[in-house]
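Two complexes are shown next, each including chain A; its partner changes from chain B in the first to chain C in the second.
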Partner chain A sequence: MKTIKKLTREQRMKRTALFMLAPAIVFLALLIAFPLGKVVHDAFSHVHLINKSMSGFAGVENFKTIVSDEHFGQAVKNTISWTVFSVLGEYVLGMITAVLLNQKFKGRAIFRTCIFIPWLVPIIVAGMTWDWILNPEFGIINYALTSLNIIDAPINFLGDSRYAMATVIFVNIWRSFPYYTISFLSALQSVPGELSEAAAIDGAGIFKRFFCVTLPQLRSVSLVIVFIHIIWTAVNFDFIWVMTEGGPNYATETLPIMIYRYSMKKFDVGAASALSTMMFTIMVILFTVYYHKRSKLSDEMA
Partner chain B sequence: MKKKWIAVLLTLAMTGSMAACGSGSGAKSGSGDKDEAKEQTVELWTCWTDGADTAKAGEEQIKKFEEQTGIKVNQTNFTYDMLHEKILTAAAGGNVPDLIWGLPEYIGEFYNMGILEDLTERFNDWEDKDALSEAVVKAMTIDDKIVGIPYEMTVRAYLTHTEDLKAAGIEVPKTWEDLLSNGGYYEKNGKYLTELACTGVRSAQELLVYLAQYDLEIASAQDDGKYKNTWKDNDEEMEKATKVFQMYQDLVDKKIIDENCKNWGWEETDENFATGITSTYVTGNWLAERETSNPDTMEDVAVSAIPYPSDGHQATYMECKPLFILADSKNKDAAFELATDMCSKEWQEAGFPDRSPRSDVSTDSKWSKDFQALADTGVTFPPVTLGGITQAMQDAIAKVLQEGETPEAAAEWLSDAVNASLSDSGELSE
Partner chain C sequence: MMLNKRNRRISKIVTYALLVIFSLYCIFPFIWMLISALKPKTEIRTATPTFLIQEPTLENFHRVLVDAGFLRYIKNSLFVSIAACLLSMVIAVMAGYALSRYYKLKAVKLSNLAMMLSQMIPGVLLLVPLYLIMQKLNILESYKSLILAYTTFVIPLCTFMMSSFFDTVPLALEEAAEIDGCNKAQTIFKVILPLSLPSLVSTGLYAFINAWNEFMFGYIFISTDEYRTLTPAIMLFKGVNTVDWGGLMAGSVVAVIPVTLIFLFLQRYFLAGLMSGSVKG
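The block that comes next holds the complex of A and B.
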């Protein structure tokens, strides 16, 4: 005769927890783990939407295709410039505006609300609006610059490869810095005013007080926001796509746009997956570095 | 025990709600089997311009179609680029609409992907098929199979603002040489004589025409049924291709076109012409719709043949747009009924009076008559996968206009790039 083993309270709790988590696990497996596994699998396989004769194991062939692409080197440089300068610009501008908005002045609440507007504008609207503003024929910026005799002839900001990348970075900074502002502002409000006052009594100037007292207090929020934005910006597709589609002549093509080009224009899903796998690996490394730094910082603060 | 039951119920509720979120749209809930059998729904994807005459007529005709047939039409509108992307992902996911508007460039690509329904049998049984010319039916055919029902046909023409040319004291340029002899036009008139599309599919269409004016094909059919760009195998062809790219460079160098046009697509070029920013442009008769939105600047427009090289001949781009029924559609008969209704005389007269593929629909306007007069010189893309090829054509233009490469180097590069693309898609003749 079979005896039914009675579960302990702890075992019952574990079983209930597992039972409750099961739908989420299934959901994650279907929506994240499976597509990710498929991408990695396709990276080492011949997969082409049109050419059905391309099939089977490809080894590192897809990776070779990507690395030997004449635009790969440029796309890597573009991705680095786009990410570094965007995050740097957003950080500096976000910090300055946060410090300013942390001061007491009339109408502060209105400014605090207004500064968030660029971040609320949908990407497609922001991109297309800037496209019109920067237009060399009838854009208001070129009109203003030529009217004030600052430039002789209109500049094709988005159509000239010398200016295109800098322009999309500028617009991206404009759109994203409010997120930094709000994050820094909330962190600044938790910095005790006595610290700054004590430093002032000890003779520290305004810059010294900022760099030696205020900034160290923002280390934790800075780490989170910078690492998150490095990842978000590096994998961003829509903003550049809306503004330049990677042009003119690949001048603003970043790795996510290259992935799109391989999959949707050349239909080479294998090569697109290889590039996605490369990007994913880099992002995992970045996340590991972040996690390590974050843990270290938490230990220090504890 | 109570906790256990709550956990079970919660899990069931969560699983149930997820299942509900993911349920397909094919079956209708809340109606009986009887109703489902009666009511068929056709998912239709269109690419008309919202608010334009074609769209207004289309919406009315859809209502009539629904009333007459009892078939429900679920219509969604996109731009062609959006539709193209969405259909690729929808096909990969196996969740496609029933009927879509398309461009001729998609025929080879979609056919090779195996997502198009073979309509040959249905087409042969269609009583109204004789209203379509042989050329139109040929444009819908690949591998001897009819895969589309035409809904619009246009050719490109050289549109000119006659007042501008009159004020400048020049005749309509007939040849490239005529065009290139107007070096001082911008300085004298404060606007550019003409323009080019250098990005998007329009740029490839324009380049195709200029190549065809020298009898050059971007990919020629070979004996084995596959395709190849043959310019590098033939010095004369390479010389002619070089001349085409030289013409592009000369147009910019002589300030006949705006140098900023190197990143313009059809949106900018059509807009510039319709609003009178440029004096002439090679485009289609859909600009007739701009007579309503821009009456002042569009009233002086005249239609001419596209300028051609004096050692070449006239050519234009013929665009016969197909309606595709997707192979995975669950309502093929209803979709075919709607497609043929869209190609009916009534619908065409209402929505496409100046640009109908039917030989019995036309008007006396310049947008119909003068464009039709150019149809004999029409050329089309070869029926191959064009994604990589049209991108290479844009890149070749950019090499000349943006990277400063010589026209000869650009022509050679394009020849190799086209063959590489054909090789990738398994269509290259070895």
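The block that comes next holds the complex of A and C.
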């Protein structure tokens, strides 16, 4: 009697759990797992968005198309510098602002709100507004820089291939760093302040205190945030598309822009999928490294 | 001791100075956006821009909202975002509850891992198959395609946000309700959900803001005016021969206002919920 009752209870639990999870699973299976499988499949097939007669197994031909694209090497380089410098800048600004905001003083909430607002706005708005601010003819920045005699002639920040990438990175940092601020801040606030005070009494200077006391406490949150942002930045399409569309002359073309170019302009779905698959493979490798690091870190902490 | 006091004062001044600089850096584009949106054309297209507006005007807003049809895009964006927000909240509450209460079941652990992985997969890599799926389902030029896409990509984080909240609700509460004769659905609706209001707010907000801000799917799935949302509309508005910067900034102001207002009123809930979800995820 007792065992039967226990079994039904367990079964009931399982049924409830599956019922509750079902909608989420359906969504993820249909709109993430299935498309993902399709991408990997298409990477090895001839698929064209318009010319439906193209079909069949393609082997590694699609990958060859991508790798031999004259702008592929540049796009890889662009993606790496776009990602590395964005994440680096965001990390540094996020850290500084979090440490500043982690003190007790009047008006803290107002500063925190101001600093967080860029993260809330649509990327397209961030891109357009900076595009306008940096405009070579009517923009306020160029006017300010020329009037202060810092530069002789207005700079076409987004239209000049020498400055375009740096400019897009700058704007990306502007919009993304607040997320780091808030994450670090909430991690710092869960740490007792006495530690830092004790170090201060022991004569540790402000920098020593930061590097020896504060920073180690942020290791685990840093790992999560940096990893997520490496992925998010590397695959970001919106920012570069709204500001430069990959130009001028491919100077800011990253791999996601290249995926768009192949799929929506050349309609070569096979090649676009091959590139997606390559990016996905790299992400899986990164994820494995991350997962390994994270479990090691939580072992250390425990 | 004297030195200590002086040091403290200096550090306070440095803190304030740096924070003022950072705040200006963050806020300045919005100030400039608003100033530009209120300027007439002659003051926009000048090589010597100023902060003062000689003749403030609302003509930019009129041109964008009425002539360029932004009122309709706003309506579309609102509809899509609210629908995606509600749908993802229902799904996240259910899945979050399962993750929190039945974590020892193997199927649940697996779903948790699947969600962690899904969170890492960005939309752009799935762009083509998603486009083709929407085409097959015959919902490309409609709200449905956007609602489905926006919901899917926020499910993982929203679920983690809800489940980390449910973790803090003591099991005893549910057991008490059960003894009082509530079934599972009643327990959730009458006992758990009223307690979860702050988390529900932050989860819903995240889903709403995400949908409101999204650009790529709106840009690719929708090509007719009727269903276009606000963010692609801004991009297309720029593309018309000489850029109408005044109009563009007016459109941007309109796009920024809802998210900023919501955030200002609900930021306490929003930030706390966001952090609990992202640390777990």
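What we mean here is this: the second predicted complex is superposed on the first by the 273 of 302 C-alpha atoms of A that agree within 3 Å, B and C clash if a C-alpha of one lies under 4 Å from a C-alpha of the other, contacts with A are read in each partner's own complex, and residues count from 1 in each chain.
Just so it is clear, contacts are C-beta pairs under 8 Å (C-beta built on N, C-alpha and C of every residue); 3 or more make two chains touch, one makes a residue touch a chain.
Quick caveat: nothing in here was measured; it's all calculated off a predicted structure.
Once the two complexes are laid over each other on the shared chain, residue contacts for A:Met54 go to chain B alone; chain C is not touched.
Shared-chain residue A:Met264: touches chain B and chain C both. For chain A, the partner that touches more of its residues is C, with chain B and chain C as the two candidates. Legend: residue contacts after superposition of the two complexes on their common chain; A:Phe27 is shown touching both chain B and chain C.
Once chain A of one complex is fitted onto chain A of the other, the partner contacts of A:Asp42 are limited to chain C, with no touch recorded for chain B. Once chain A of one complex is fitted onto chain A of the other, the partner contacts of A:Gly247 are limited to chain B, with no touch recorded for chain C. With both structures placed on the common chain, the touch criterion links A:Ile140 to chain C but leaves chain B unconnected. Contacts of A:Thr16 after superposition on the shared chain: both chain B and chain C are touched. Applying the stated contact rule after C-alpha superposition, one finds that A:Trp232 touches chain C and leaves chain B untouched. Touched by chain B in one complex and by chain C in the other are residues 16, 20, 22-23, 27, 49, 137, 264 of chain A.
Chain B meets chain A in the complex at residues 3-4, 7-8, 10-11, 14-15, 18, 85, 88, 92, 109, 112-114, 199, 260, 262-264, 272, 277, 385, 387-388, 391, 395, 398-399, 402-403, 421, 424-426. On chain A, the positions that touch chain C within their shared complex are 13-14, 16-18, 20-25, 27-28, 30-36, 38-39, 42, 49, 93, 96-97, 100-101, 103, 105, 111, 113-118, 120-126, 128-130, 132-133, 135, 137-140, 143, 174, 178, 182-183, 186, 206, 221, 224-225, 228, 231-232, 235-238, 241-242, 256, 259-260, 263-264, 269, 272-273, 276, 279-280, 283, 287. Chain C meets chain A in the complex at residues 11-12, 15-16, 18-19, 22-23, 25-27, 29-30, 32-33, 36, 44-49, 90-92, 94-95, 97-99, 101-102, 105, 107-108, 111, 114-115, 117-118, 120-122, 124-133, 148-149, 151-152, 155-156, 159, 184, 209, 212-216, 220, 230-232, 234-235, 238, 245, 248-249, 252, 255-256, 259-260, 263-264, 267, 271-272, 274-275, 278-279. Against chain B, in their complex, chain A makes its touches with residues 16, 19-20, 22-23, 27, 48-54, 136-137, 154, 156, 158-159, 161, 244-245, 247-249, 261, 264-268.
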